[in-house]
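See the structures that follow.
Both of the next two complexes hold subunit A, though its partner changes from subunit B to subunit C.
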Partner chain A sequence: MQPVYDWFREFYERTGINLTFIYDGFDRARMIKGFWLTIELSIITIVLSVLVGVLGAWLQRTRLKPLRAAVDGFVSLFRNTPPLVQIYFFYFGLGFMLPRVLDPSTGSMVPLITNVQWAILSLSLFAGAFNIEIFRSGIEAVPNSMIEAADSLGYTRTQIYWKIVLPLAIRNSLPALGNNLVNLVKTTNLAYAIAVPELMYVSKQIWSDATNVREMMIFLLIAYIVLVQLLVVFLNWLERALKIPGYGQTEGA
Partner chain B sequence: MNVIPPPTIIPPTPDAPIVSLRAVFKSFGANNVLQGISLDVAKGETICIIGPSGSGKSTLIRCINALVPIDSGSIQVQGIEVNDPHLDKLSLRRRVGIVFQQYNLFPHKTALENIMMAPITVLKQEKAEVEARARALMKKVRLAGKEDFYPGELSGGQQQRVAIARSLAMRPDVMLFDEVTAALDPETKKEVLVTIQDLAKDGMTCIVVTHEMGFAREVSNHVYLTEHGLIVEHAPPAEFFSNPKDARTREFLSQVL
Partner chain C sequence: MLRFRDAFTPLPFLGASATAVRSWRQTQRTALVVLTAVFVTSAAMAANGGQPSIFSILIKWSPLLLWGFLFNLLISILSMGAGTLVGVPLGMLQTSPVRPVAAVARFITQFFRNAPWLVMLFICVMLLPFEIRVFGLRIPFPDWVKAVIGFALPAMANVAEIVRGAMISVPSGQWESAESLGFTRTQCVMKIILPQCIKRMLPPWMNLYSLITMATVNASVVGVNEMLTLTAQVHAAEGSRPELLAPLYAYSLVCFFIYAYPIGKWTEYLERKYQVKD
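Showing the complex of A and B:
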């Protein structure tokens, strides 16, 4: 790889375009870490937010009124407030109320929940609130007659939800879910605000040190395009894989 | 502490009707759909319920398997009182199968899976045994070879026959048919009617809500005409169609025949 690094260093000397995160070992290491952290944040929050969505949409249908009200309250809270405010609230508001614990490896007192964990929690709940609404609309699109048929075959409410309603609702919800997950990947960079060293944060560190703001801005734009495109390709594949022959185009007879 | 009384079960006597309705009332708001329906169905009998649209036919058979709760009266299926707040719905529903006008197959499962799902999920029966039975049922409804097709890939008549097989897989004692051919074209209608006829011949107790007068005349043991939530007239088909006693029956028959 050394010739590549040398080429980019020479490229900088020739053109003034300074891509330190390629040729400089230190910048390269933190960029790779930051990039991976963004991918990790994305994957973990996607999975958790989908779980929040499925569970929330399920709880919305329980007969227990307080539980339904709690889900509605949760959705309102996380849908109607800016995600940055949520991250700050968790990290500075809740985080500082929790006790600190001893880290045996360093011998110092550290927060019970780290900033990365707060970012994961906060972003998962934020996107999860939207997923609840997305799944709800998918569930409502499942014809009542389908539920009646399962009911008449002796299925319990829980069996109807997991075996009939959810598999159809997920398919109904996929396009809207895709939009929300794309948004979620882009929103992971708000973790920057609580010093989570993800893609945005390390880029800021690099441009502060190397004063290559212009280059880093262009790189960031391209990096997010690539990341989101990967997700879009996956979602398209998923939509095709879950496609049911003969379903969705012409309903009924 | 409240002691929950056990569900009412009257042990059936050999010649007791398998389904028995007494003075069943049901209203949706101000709309009185059933205004005192009583009827008996003996084991192995096929009865047809006919009548103008909105006369309460569909509501009537949906009450029998508790899809629609009734306001008052009594419905008994093999000694199980349906109008009982402590009704064990599962024990009722494994005895009573229902087939709907719109088939309502599960679109994300193949024909065979549609038939196998309920016995495995609901009755916890063994998969291999259920599969063998499901394949036999596909043959019975003359759809052998279509096991791996999804509902969306089958014609209306084929879907409806899968729906019948799906109900039969639960080994019910009574089958309810709610205008099952109303959404079908004349050709496919016949396939479905023949399937029901086969069932009736095999001794299945069938309660059929239908507009098919030919079917009512040829297959049923007894015909009921409902209007405004009441049974206007009932008789064996020969008598019902050739010698109707009630003026309303004569008027209805003159419109549909």
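Showing the complex of A and C:
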């Protein structure tokens, strides 16, 4: 790899385009770490937020009123407040109230929940609140005629739910769910604000040291677009794989 | 007219929409209870003898904090306005039968939709010039105007996507029957597709506005003097006591909640009203 590094160093001397995160060993190491942390944050929060969404949408259908009300309250609270303030509130506000624990490896007192964990927690709850609504409206958007038809064919309520409503509801929810998950991946960089060393934070450190703001900005944009594009490709594949002819817009119309 | 939903004994999974009115009141109550609980708990934690109470601190700084909040709202309205003005034509161009036009519009939309808002904000604030000279006329470009551009670009792309999504979500039968009735494409779009789209677009458009409003606090990261920046300054002015952080941030949460909650409820109402059930 050394020739590549040398080439980029020389590239900087020739053109003034300073890509320290490629040729400088220290910057390269922290950039790789930051990139992985962003991927980790994305995957963990996607999984957790979908779980929150499924669980919440399911709880909203129970007969227990207080439970339904609690889910509704959770959804409105997290949907209607800024995620950045939520992160601050969790990390600074609540983090301060939690006790510190002894870290056996270093022998020092550390916070019970680290900033990375707070970021995961608050981002999952934020995106999860949206997912609950998405799954619910997906279920509600199933045409009544479908239910009517199934009913007249002698399906029981349970059968209608599992065989007619749910499969269609998943397809109804997919575009909105995809949007929300894409937004979530792009929102993981809010963790920057509480010093989680992810892609954005590392880039800021590098451009502070090497004063290559422009290069880092363009790199960040490309990096996130690649990450998001990967997710979009996966979601599009999923949408196509689940497509039913005649339901929704047909291709080429 | 008796709808199927009304005639039929409510199925368990249709319960939510049937009891919508009741659950709305319930939601309101729950939300209020949750917020009050958050607020009172954090305030109680912060209250200790000798120091001024958290409530007096919040009341003292309210004018400043609320001024910051108004600034957030101004940024959100300007961004959304600009984003919509450019986003609607961009969305319509994406469904154009002229391939290259559709492709370019699609590319622009995808690019700005995929770029993270925080990165877009950083780019606009750090790389745009602080003033523009046009024919010897100097137009200053303060940070908050750059922030507005930073929010307007993703808003534009998302509006475009909403428009496109609404247009293609109109059942293909509508396009086909319009065509067979002899409508030209323009007539079809203007008279058949768009009227149905506006109803479909309004709720997601309002959701987007809500998201933009929530994102305006990100401007604090790049140093715009909005509510969250002012909150940090108030915290410093009060001696940086860590126990003040929770109530101070709770105060911001409450402000945004009071503003965004009615919008969200109105959106839900419109969604229900415009629901096309066949």
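Note that the second predicted complex is superposed on the first by the 215 of 253 C-alpha atoms of A that agree within 3 Å, B and C clash if a C-alpha of one lies under 4 Å from a C-alpha of the other, contacts with A are read in each partner's own complex, and residues count from 1 in each chain.
One rule holds in what follows: a contact is a pair of C-beta atoms (placed from the backbone, for glycine too) under 8 Å apart; a residue touches a chain by one contact, two chains touch by 3 or more.
Source: prediction; values computed, not measured.
When the two structures are aligned on the shared chain, A:N189 is found in touch with subunit C, with no touch to subunit B.
In the superposition on chain A, A:G178 makes contact with neither subunit B nor subunit C.
Contacts of A:G53 after superposition on the shared chain: neither subunit B nor subunit C is touched.
Residue contacts after overlaying the shared chain place A:G128 against neither subunit B nor subunit C. In the superposition on chain A, A:Q159 contacts subunit B only, with no contact to subunit C.
Put subunit B and subunit C next to each other and count what each touches on subunit A; the higher total goes to C. By the touch criterion defined above, A:I244 lies against subunit B but remains apart from subunit C after alignment on the C-alpha atoms of chain A. In the superposition on chain A, contact of A:E148 is made with both subunit B and subunit C.
By the touch criterion defined above, A:L220 lies against subunit C but remains apart from subunit B after alignment on the C-alpha atoms of chain A.
Comparing which residues of subunit A touch subunit B with which touch subunit C, the overlap comprises 143, 145, 148, 151, 248, 250, 253. Residues of subunit C touching subunit A in their complex: 3-5, 8, 11-17, 23, 26-27, 29-31, 33-35, 42, 45, 111, 113-119, 122-123, 126-127, 165, 168-172, 175-176, 210-211, 213-218, 220-221, 228, 242-243, 245-247, 249-250, 252-253, 256-257, 260-261, 264, 271, 275, 277-278. Of all the residues in subunit A, the ones that touch subunit B in their complex are 143, 145-146, 148-155, 159, 163-164, 167-168, 171, 244-248, 250, 252-253.
Across the complex, subunit C is touched by residues 60-61, 65, 68-70, 72-74, 76-77, 79-86, 88-89, 92-94, 96-97, 136-137, 139-141, 143-145, 147-148, 151, 157, 160-161, 165, 175, 182-183, 186-187, 189-190, 192-193, 200, 213-214, 217, 220-221, 224-225, 228-229, 232, 248-250, 253 of subunit A.
Within the complex, the subunit B residues that touch subunit A are 65, 67, 89-90, 93-94, 96-98, 100, 102, 104-108, 117-118, 121-123, 149-154, 156, 163, 166-167, 170, 183-184.
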